[in-house]
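Read from first to last, the chains carry the letters A, B, C and D; within each, the first residue is number 1.
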């Protein structure tokens, strides 16, 4: 049972509170080294694989490794109950802290209660949990949408036709980002006609629906997309659609395109929540176990870029599927693409 | 009525009529649906599904089902791209290597179904899971090269005949082979025979196990081939790129009049089914409806079309 | 002597499923850091029961030689419904439970109606109705949310007398109230018979349509019970397409592990329940064995492959090659 | 019980399937307390008539009356309701259900709304006993029973329904003499209880023994109704097939005419100590080119297994099989059919082992010989058509075109397709499992002639039949099987009904002469 204390947090630079009125917590210090678990859901996409790789890389860093007795990762698939059960099992097995990339932010109430009773530190990231009883490492999904929306509005002085490629229907991330975009566009006071398609955060799907949208509803004056951005640019190229301002995610392939076609009108803002946030979540968990003061909700800086420099904002030699934006300098977390993706089993 | 129309299966004719109706409805929403550009684009996208559906159809004709399509596709695409990383030789062999990997999955399925007599639905489910596992390990562990080769790009999006995407050309070739193979070849006859009664086919001295295994190998190879083409289309391979193709492929084959119990169906129907499914998805995706509405309409349209022509004969 | 042999032959699928489950669960518990505690059992039970409900639903349809690819979506839809209806006073929540189960039954009945009276092939019909059910779920829950009567939910996912998982008791109750009467009724027999040999069943004067319809409707009911439990388990509703499809596919795996013939006419929901529990234990193995995170899906796939290949050992005993063909 | 009042009447009933006119203004009158035989060649419309009577198909026109009241059944269930019960030619058992389940299938005893399995079991046992099949365990799965046992279950199932009219459509076609005896005793009992029985069979001797009235059909029309015994065999056959059949069986080899099996040459097929599981024990005999050898014995004594083992279907067969003096390893039908000089098997159950019912006659006929009719894996269509046409003519298969689905042919014609599809390969060793089951007398004669001709041309034929008359009429030699062993070899004149039955029942022939004088 953590004490509510007054801020600021111990590593205030890194552990920025989510809001002004965010509570600060202090758990009873436990003696290390700790047993920490990562309960992941789905794994078969690049973001999640990269995330797991980053988590392992972070746990392997000497100063972190020294504090860990065990770091265990379990991926349970799409199925929320399986993930809940995994957390239950971690609790029953006496792990000190559990880091969760939740499949669904609202579904964990019962297990959060159990964790609290058992005195286990629960830290959620990526998809955060709707609760005050766990620590959330928050990416502002709605704010991300707002960034894209505001950026588009600023690049279209007269308003115009916008193509919005959304993600997977029914998820909170999709809804939050969509709301952010819509509200920002509406707030600009300009006239926007938005065509919405569902791209499922997948390049091939996004490319197909974009091609269809261009053929039937195009041309567009601007584009925003939650994922699958590389495919969307590819669709523009294939259709001979003029390059237009594009607010999108942080895929390496997308940024490659943005850099390549910048002078032909492909102005981009690329913002997102890199998989490396898992490292921040682990850092928070360790800090909490050490009895340090941490905010209940940590605000993660977004990795935003509108200018693209090779080797820094994107990596010409790395895979298009790679997610860029893996550094949180305020937290002392800096991974290069190579560090993450060539982190193989043996050198763990 | 021209002779070829009189000979044709009425179900297939109605299916093609449904295609026209869909297009007309689309064109009320936006005239863009009737442009050559849009139609050719659909044909290109339909080709991927068409190639997969060819394999799916052969399997369904046997009375089996292949649920390993999604990751066979992904594996084909990823392994093809991986081969390209090995330099010019690898680049030249990228597509065949991808196909070979798909055939390997098919071989596992085929061995399981034909020789170990495990229900196809479950072997292919398991092999799909295993393949997914392999691809996750591969992606995570080997900093994979996953950019499509120029050859893949060319096969998927290039145009040998101006205006006609190569993908469509490839589908046409595969389709022709499938029509001839199913109608005229010993293999095709055996497929129909096994689909109707594997026991009787076996007792007729047909090597039913070999045929079934071969069919799964073909299906795996076609899935992987479609995967490499899809990688060419998207210019890269990625995880779970095949997830959205499994159910549409089955739906297309059955919408085309093939019996899920095996032994009955025509490839022309499958062509109609593939185009129907592709158009329906495309039209719904660009119509500005809430996703819920799209899903509901999608389901309703399929049921209505089946009620129009896909009913099995009454028992009496 | 001959009598028990026949009994054994009848129940072989179910017994094998039980054995597979017992073996896997023993391995799991033996390696679990916490050992065999009531918490560990409860966690496994809650997770397994969800799939068991869906597998039961799938069994009902599969014995008629059909397949229901919408079971997962019915579960998702009823989950969303329950997150809106099973709230408020105990009375309201109770009525909500009934409404949710009724909605599940209705979905199943709709499948049945289209398949039987529309004479369409079950596989595409249920792909299509699955899309419809998912669309409806999205209408109710465009994004995750809602709530549930927490006392009821905790009771259903908790422990009876501090030891026995309540979810298992609920599952047993559904088996006793739905499956047992159905399989022992004339309609149930007609469902089995039409799955085994439809023409013969018709010639024998069995009420095939009634039997099949009932099977589909009860499948909807079981899937609805699954959706209800999902809500109890998560306190929330979510229109999750991927998890709907995942449950559908898992249910097929569970049914096969449970000894139900996908060709129809043979199998028991009890076997499928154990098949589901066994399948779930495959996932749990990841927890007790220290596999690298990236190797876990492969490991899981391989165990599944091995588990489904176990049946092939029976082939060694086949001395008449015609027995290969069902 | 008035035996003159017609129990059931059918007038002017017609039924067409697409273009095929299966019944044309057919009439039938069935008296209570009588056994009425329906006769007619394959495809005459007998089964169709029965299906109309029992509500399986709806007639195009015509009326039916049951005990004076007009009836029309919408389904077999409705017919059962009116106590009209039928044993169909294509059996209507549910393979995955137990024997007991099947016997009470549509009307099981219930307790509290659930099926009472104890009561069901008792009912089933009683029905099996009445049918004379107490050897069948009520919990056995129908799937696991051989065809003859399934027919017995089907009869028991009909009895359990307490019929007023009982119809048997070739219900005895797979039964051997001892079973037939039991069934006949039972049927006669039912007749005496006042039931109306309708009996269809292609076995003339059965009809002679059983029937009170007979009706002959041809081409969907009623030709004549007459009291049994009022017409000679020749007249009946004349009515059935429209021509005379002088002698059903072709002449056998007479050593002085054709000393065919030259002992010098190696036998075409030689079995040496064949054993398999607990079904076959140490079976040895030879089969020479030019010979027709019969397999006798009660059904289910291992004859089917013996034929299957020669076709490579069984695993773990011990002993040796030699073809033309060379040992062969048969790993399956595919090997068997290619083993020079080619082995063919006409299987037991045409529906599941012989035919792909929904496929066309053409596809079925050419299916086993596609390797011969193709070049480089591509089927030669003209060659195929010619071959198919040849076989249709050779066996006089009654079909409107080769594109018709085999399932739409009458039972007998389906059987002909099975035979024809193997003859198309021109095999030199032909194994037949009850090949004339359900075939009319005219066609039977053609088949016997064909077999003899094939033998004369050098084929070796092994012929299992449940019909003793056939063994006596056709075979040069008969191996009688009992409990998986060759009980006795009967050659030439020794092949008599008496000897066949004695050996089949494993009765030791005390002294050959005595036995002959006996009955």
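By our rule, a residue touches a chain if its C-beta (ideal position, glycine included) is under 8 Å from a C-beta of that chain, and two chains touch if they have at least 3 such contacts.
These numbers come from a predicted model, not from an experiment.
S.K.: How many steps does it take, at the fewest, to get from chain C to chain D if each step moves to a chain that touches the one before?
M.R.: 1
S.K.: Taking each chain's centre as the mean position of its Cα atoms, how many Å separate chain A from chain B?
M.R.: Chain A and chain B have C-alpha centres separated by 34 Å.
S.K.: Please compute the C-alpha centroid of chain B, do the same for chain D, then give the distance between them in whole Å.
M.R.: The separation of the two C-alpha centroids amounts to 45 Å.
S.K.: Nearest whole angstrom, what separates the Cα centre of chain B from the Cα centre of chain C?
M.R.: The mean C-alpha positions of chain B and chain C differ by 29 Å.
S.K.: Going through chain D residue by residue, note those that touch at least 2 other chains and give them in order.
M.R.: 56, 75, 313, 332, 353
S.K.: Among the residues of chain C, which are close enough to touch at least two other chains?
M.R.: Counting only residues that touch two or more other chains, chain C contributes 137-138, 142, 199, 202, 294-297, 321-322.
S.K.: If you look at chain A, which of its residues touch at least two other chains?
M.R.: Residue numbers touching two or more other chains: 43-44, 49, 52-53, 169-170, 345.
S.K.: Determine the shape of the graph in which chains are vertices and touching pairs are edges (line, ring, star, complete, other).
M.R.: Chain contacts: none of line, ring, star or complete; other.
S.K.: Judged by the touch rule stated earlier, which pairs of chains are there in contact?
M.R.: A-B, A-C, B-C, B-D, C-D
S.K.: Please output the residues of chain A touching chain C within their complex, sorted ascending.
M.R.: Per the stated touch rule, the residues are 38, 40, 42-44, 49, 52-53, 56, 72-82, 84-86, 88-89, 92-94, 103-110, 168-172, 174-176, 345, 348.
S.K.: Spell out the part of chain C that touches chain B in their complex, as residue ranges.
M.R.: Those in contact with chain B are residues 69, 114, 118-125, 127-132, 134-139, 142, 198-199, 202, 249, 252-253, 256, 262-263, 294-302, 304-305, 308-309, 311-312, 315, 321-322, 324-325.
S.K.: State the interface residues of chain B toward chain A in the complex, per the touch definition above.
M.R.: 26, 29-30, 32-33, 35, 37-38, 41, 45, 132, 135-136, 139-147, 157, 230, 233-236, 238-241, 243-244, 282, 285-286, 288, 291-292, 294
S.K.: Which of the residues in chain C come into contact with chain D in the complex?
M.R.: 2-3, 6-7, 9-10, 181, 184-186, 189, 192-193, 195-197, 199-207, 261, 264-266, 318-322
S.K.: Contact residues on chain A for chain B in the complex?
M.R.: Residue positions touching the partner: 43-46, 49, 52-53, 169-170, 195-198, 200, 202-205, 207-209, 211-213, 215-218, 230-231, 234, 238, 253, 318-321, 338, 341-342, 344-345.
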